[in-house]
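Next come two complexes, and both contain subunit A; in the first it sits with subunit B, in the second with subunit C.
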Partner chain A sequence: MEFLDKFPDLGRTTLRDIKKSIDFAFREFSNQYGEAIEGFFDPLLYFMVWFEKLLTNAPWPLMILIFAALAWLGARSIPIVIGTIVSFVAIGVFGMWEDTMATVAIISVATFVCIGLGIPLGILMSRSNRLQAVVTPVLDVMQTIPSFVYLIPVVMLLGIGKVPGLIAVCIYAVPPIVRLTNLGIRLVDKEVLEAAEAFGSSYRQKLLHVQIPLALPNIFAGVNQTIMMALAMVVIASMIGVKGLGVPVLRAVSNQYLALGLMNGLAIVALAVIFDRVSQQYGKRLQKHRQGGHGV
Partner chain B sequence: MSDIKVSIKNLYKIFGPNGKDMVQKVEDGATKSSLQAEHGHVLGLSNVNIDIPARRIQVIMGLSGSGKSTLIRHLNRLIEPTSGEILVDGEDVLAMSDVELRNFRRNKMSMVFQKFALLPHRTVIDNVGYGLQIKGTDKAEMNERSQKWIDRVGLSGFENNYPAQLSGGMQQRVGLARALATDAEILLMDEAFSALDPLIRNDMQDILLDLQEELHKTIIFITHDLDEALNIGDNIVILRDGAVIQQGSPQEIVLNPADDYVRDFIKDINRARVLDVSSVMGPGSTDSGLELASDVILELAMPAMIEADVTQANVMRDGAVIGMVTLAEMIGGITRPVTKAEDQVTYR
Partner chain C sequence: MNKFVKGIAVAGLATAMSQGAVAACGDVTIAEMNWASAEFMANVDKIILEEGYGCSVELIPGATLTTFASMDTKGVPDIAPELWTQAVEVPLLAALAAGSLHSMNPKPIMGAGEGWVVPGYTLANHPELKTVLDIIERPDLFPSKEDPSKGAFVGCPAGWGCQQVNANLFRAFDMEAKGWVLVDPGSAAGLDGAMAKAVNRGDDYFGYYWSPTAMMGKLNMSMVDFGVPFTEMEHWTNCITQAECADPKQSAWSASEINTIVTDSFMKNNDPKAAAYFGKRVFPASAMGAMLVYMGDNQAGGEDAAIEFLMNHEDVWTPWVGVQAANLIKKSLN
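Moving on to the complex of A and B:
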């Protein structure tokens, strides 16, 4: 009855050998190529350092003005602009200005990287059912696998710092924009697409004149989700050396500093709310043409 | 008869994995239902042969499922045929490469859709200019030409509205203007007015006929509405189960329906509005003093006779008498006939 009592696993030695050889192989790989890969990401690193310095070194009133202007451009709503100004002033008053700027910097870069990778991939996916079948489960894994698990190889390969942090954030934050771009393009009205075809549109013309504009509300929902998920990764990214609001949160967790954790946590929430409202309002404005009613 | 613009020859479309193999079965007499039941393939079009004259309105009609929308999509190859030939100005559409086909669609054949298919994110003027933009026309010329067509279809003042802000009839005028703006010689209209309510539909038919008087395009018009077909069609093709049942002028179809299906179709139409005096006249001449042109429809001819207080009239064409018509013949024409002397067809 031993067979039923204990699962017939591979045995401790075999398992250890398997794990060891995988670890060894990856370590070899990272020894061999780690530097080259790091070098490949160097321009990105320089850019991130430069961008973070730019935000932290700029005079704070100017930054608040810029945020307020961006909020106005995006949302065209006075309450949202006021909320933005109040939030940033409060963040400054409570001494979190520099960390907040660092967080804004990495979130912005991460969002641009995700858009730059995610939208083209989503477009390709919408073109091919086979690619969709391959990519969808990969996205599922990226969204559900505990972040710490993919932090291990990333850190082994690139050490700790901004770039591995950015990669970790992007792995977690890129799936929604890929999914929603793919979905948005697939949902484009077949009849409008047929009309584009009947007028002799090339593939590119269909994409630029019809598919992307009509998928834009969905694509924008994806951008919004991506920003939110990137913010959610701030604390975890700080574990591998990304500066920002995550660092004090982490310190608060390990030392049981309630106030410190709460303050920085709320700052992240404030950023999230601002980004969310502004990007949602912007998304809504993109759909203005969908409103009916005569004689505007 | 004018020259042939579009020629459809032995066209088959069979939906299913082995469409090509099924053509032979259809040629051997398989019907739509037997093909479906025995081979799991759907017969879309079956040996369609139509010659479409230039600068005329060719109506293709049939009930839903008769293959008319499938047929019109073959003309610009939105759907690939299973076998057959489509010649436009003698050029084989099916032999065109992708680039040739795109140029053909851009310059030669444009299309109006049942559900308008406008771009919701573009204003009226940008929608009308869509075909021109695809061709690479520069913005200024595009707007100028679009504006001309917007005025022509009666939408001046709505240039900067979005489609969602317009009524159905207005949206379809945008669709029509968009199709006309490319200056294509051939206009495909897929149930273009079917989604509109009856009054608007009549308006749109009038707009189309007005435009046609001036533009002389080759228009291929799909409809399931016989009144519409008779109103605008110079020629009518009737489809059933993907096969052509009858083709001819409206008069020929009303006077000599090919079978019970067509007979069913025409049973409720206003015959007085379709038939003209030449189609019911007899030989000879009369001295009643009333002269009617041969293409006057009975609906107008009968009141004219009553007003002139005569029961007979001469039928004129090019200034000569070509026959005479009596009030009784006219009444006979608009009555649903039980027997008809010319061809001895009896039906009820």
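Moving on to the complex of A and C:
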């Protein structure tokens, strides 16, 4: 009966020894290679520090102008440009300018890193079913594992600050771009590919001139999702010392400062909406142009 | 369905019978704060109240300010075993005066306190660093990762009661002009991680921490004397602990005040013997330190540590409870 009532687990001592040995092994690893790994990321850190300083020190009217121009280039829509300007002015008026710039800095760098890693990986995945079978479960883990779990090893290895924050953000934000790049390329019509082959396209030409262009709407949906998920990680990243809108949110949460939390939360939402609309509109425009060209 | 109900009835009866020997104590909620020593204390209290006095205890996880706010306004949880009172000084004094909360034990842990710490080897390698005043002249020893020309002082995570104090003392000691940056570690995990990483690598480190903690013992951190006396209490409570402090004065960290706070309804509705237990429950620094290192080494939670403590430190806890309760607790452990 006892066998059924209580799950026959490994027992406290064995479990403890297993946990201890894993921790010990990781600590050894961190002692041995931590400094080297940190050194590897140093250029990225200096770039991020420089970029954040650039954004926070630039005159605010110039920054608003740049954001408005980017919104116009992306969306070509007057309402979105006006919305962008109003949001950033409101953020400034409510005293959240510096935190917002710090957040924009880390989110932009994170997005570029994620795109730079994610699109090539997605392309590779679309070429090989075996790689897809290996990478897909890894992506599932990255998206569902509670972020605090991987924060521990990241902090032990790299300490607190921008680089560990960036890694934490990317672990969560990179899966959609990989998935959608893979999906987009796989969804390209077999007949179109056959036609390309019939015209004697090389492997490279097929990829660069047929598959990627046709997959662009999907890839753009991935970029959009990656930006959204990176923004969702702002508060978590602040828990390991990343400056930005997450810090006041944390302060508000532990002190029940309703207004402070709401204001900074809404600033994150405003950033999300702007990034979302601009990148979506840009994706749509890409699609429209293509559809028009083919007369569909 | 029927079977299920019966099952519950039987289980209920069994619990009732096992507790039949002791006076009814009723339902009690205990705050389990989110750090190791408080988790441990909450679980010790839970086992002692349940087994020794027949209470039905529920642990409620929380942080200092949230838990206190809930106790103050809603009367739940009933007991905060380890409340660091300075963070909530003004409303706490008001509640104590009004009688809605009661102080049970103004010193539940011996030798507890907050302050600024450096690793033991930093002091050994630089014997000239005797006080905080000496350390703040040497930002070059503690270079910040993001801007190596400045020294990094790791303060308190955003939202903790101590964050404001660190920020104000940082200003009082004029540390920015001396070439320091105040680093916000973001969370408890960030603060611990930053300190553990630095010590594991043998780097010098300067930051805020408190005792009793497994971290202090395990990493062999030393609390540094401030080199200036404690400013008067009035300035501390009205300026240094406040966000709007125009001119903070240099000061040592105030001696820590930890208290076991209970609600009025607990005093009125529950076994008075259980309430008396809290008055006697004082953890010696050595026992507390040993349990915290045990928790860290074995990755034990508060409950495991509480059982370990009750089994191996009988001499410490038996005087806290009556003979009858002590026997019941010992029986339950076997």
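Methods note: the second predicted complex is superposed on the first by the 288 of 296 C-alpha atoms of A that agree within 3 Å, B and C clash if a C-alpha of one lies under 4 Å from a C-alpha of the other, contacts with A are read in each partner's own complex, and residues count from 1 in each chain.
Methods note: a contact is a pair of C-beta atoms (placed from the backbone, for glycine too) under 8 Å apart; a residue touches a chain by one contact, two chains touch by 3 or more.
Computed from a predicted model, the values in this text were never measured in an experiment.
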Exercise. For A:21, select first, second, both or neither according to whether it touches subunit B, subunit C, the two together, or no partner.
Key: neither
Exercise. Based on the superposed arrangement, let me know which partner A:57 touches: subunit B (first), subunit C (second), both, or neither?
Key: neither
Quiz item: Looking at the overlay, what does A:199 touch: subunit B (first), subunit C (second), both, or neither?
Solution: first
Quiz item: Looking at the overlay, does A:32 come into contact with subunit B only (first), subunit C only (second), both, or neither?
Solution: neither
Quiz item: Between subunit B (first) and subunit C (second), which does A:49 come into contact with in this model arrangement: first, second, both, or neither?
Solution: second
Quiz item: Should A:129 be classified as contacting the first partner (subunit B), the second (subunit C), both, or neither?
Solution: neither
Quiz item: Which partner, once the models are overlaid, touches more of subunit A's residues, subunit C or subunit B?
Solution: C
Exercise. Answer with first, second, both or neither: which of subunit B and subunit C does A:214 touch in the superposed model?
Key: first
Quiz item: Looking at subunit A, which of its residues have contacts with both subunit B and subunit C?
Solution: none
Quiz prompt | subunit A to subunit C touching residues, read off their complex | solution = 12, 16, 19-20, 23, 27, 30-31, 34-35, 45, 49, 148, 151-152, 155-162, 238-243, 246-248, 250-256
Quiz prompt | Residues on subunit B engaged by subunit A in the complex (per definition of touch) | solution = 76, 78, 101-107, 110-111, 113, 115, 117-122, 130-131, 133-135, 161-167, 178, 182, 188
Quiz item: Okay, in this complex, where on subunit A does subunit B touch?
Solution: 189, 191-192, 194-202, 205, 209-210, 213-214, 216, 289-296
Exercise. Write out the stretch or stretches of subunit C touching subunit A in their complex.
Key: 63, 65-66, 69, 145-147, 157-160, 163, 183-187, 189-190, 193-194, 196-198, 200-201, 297-299, 304
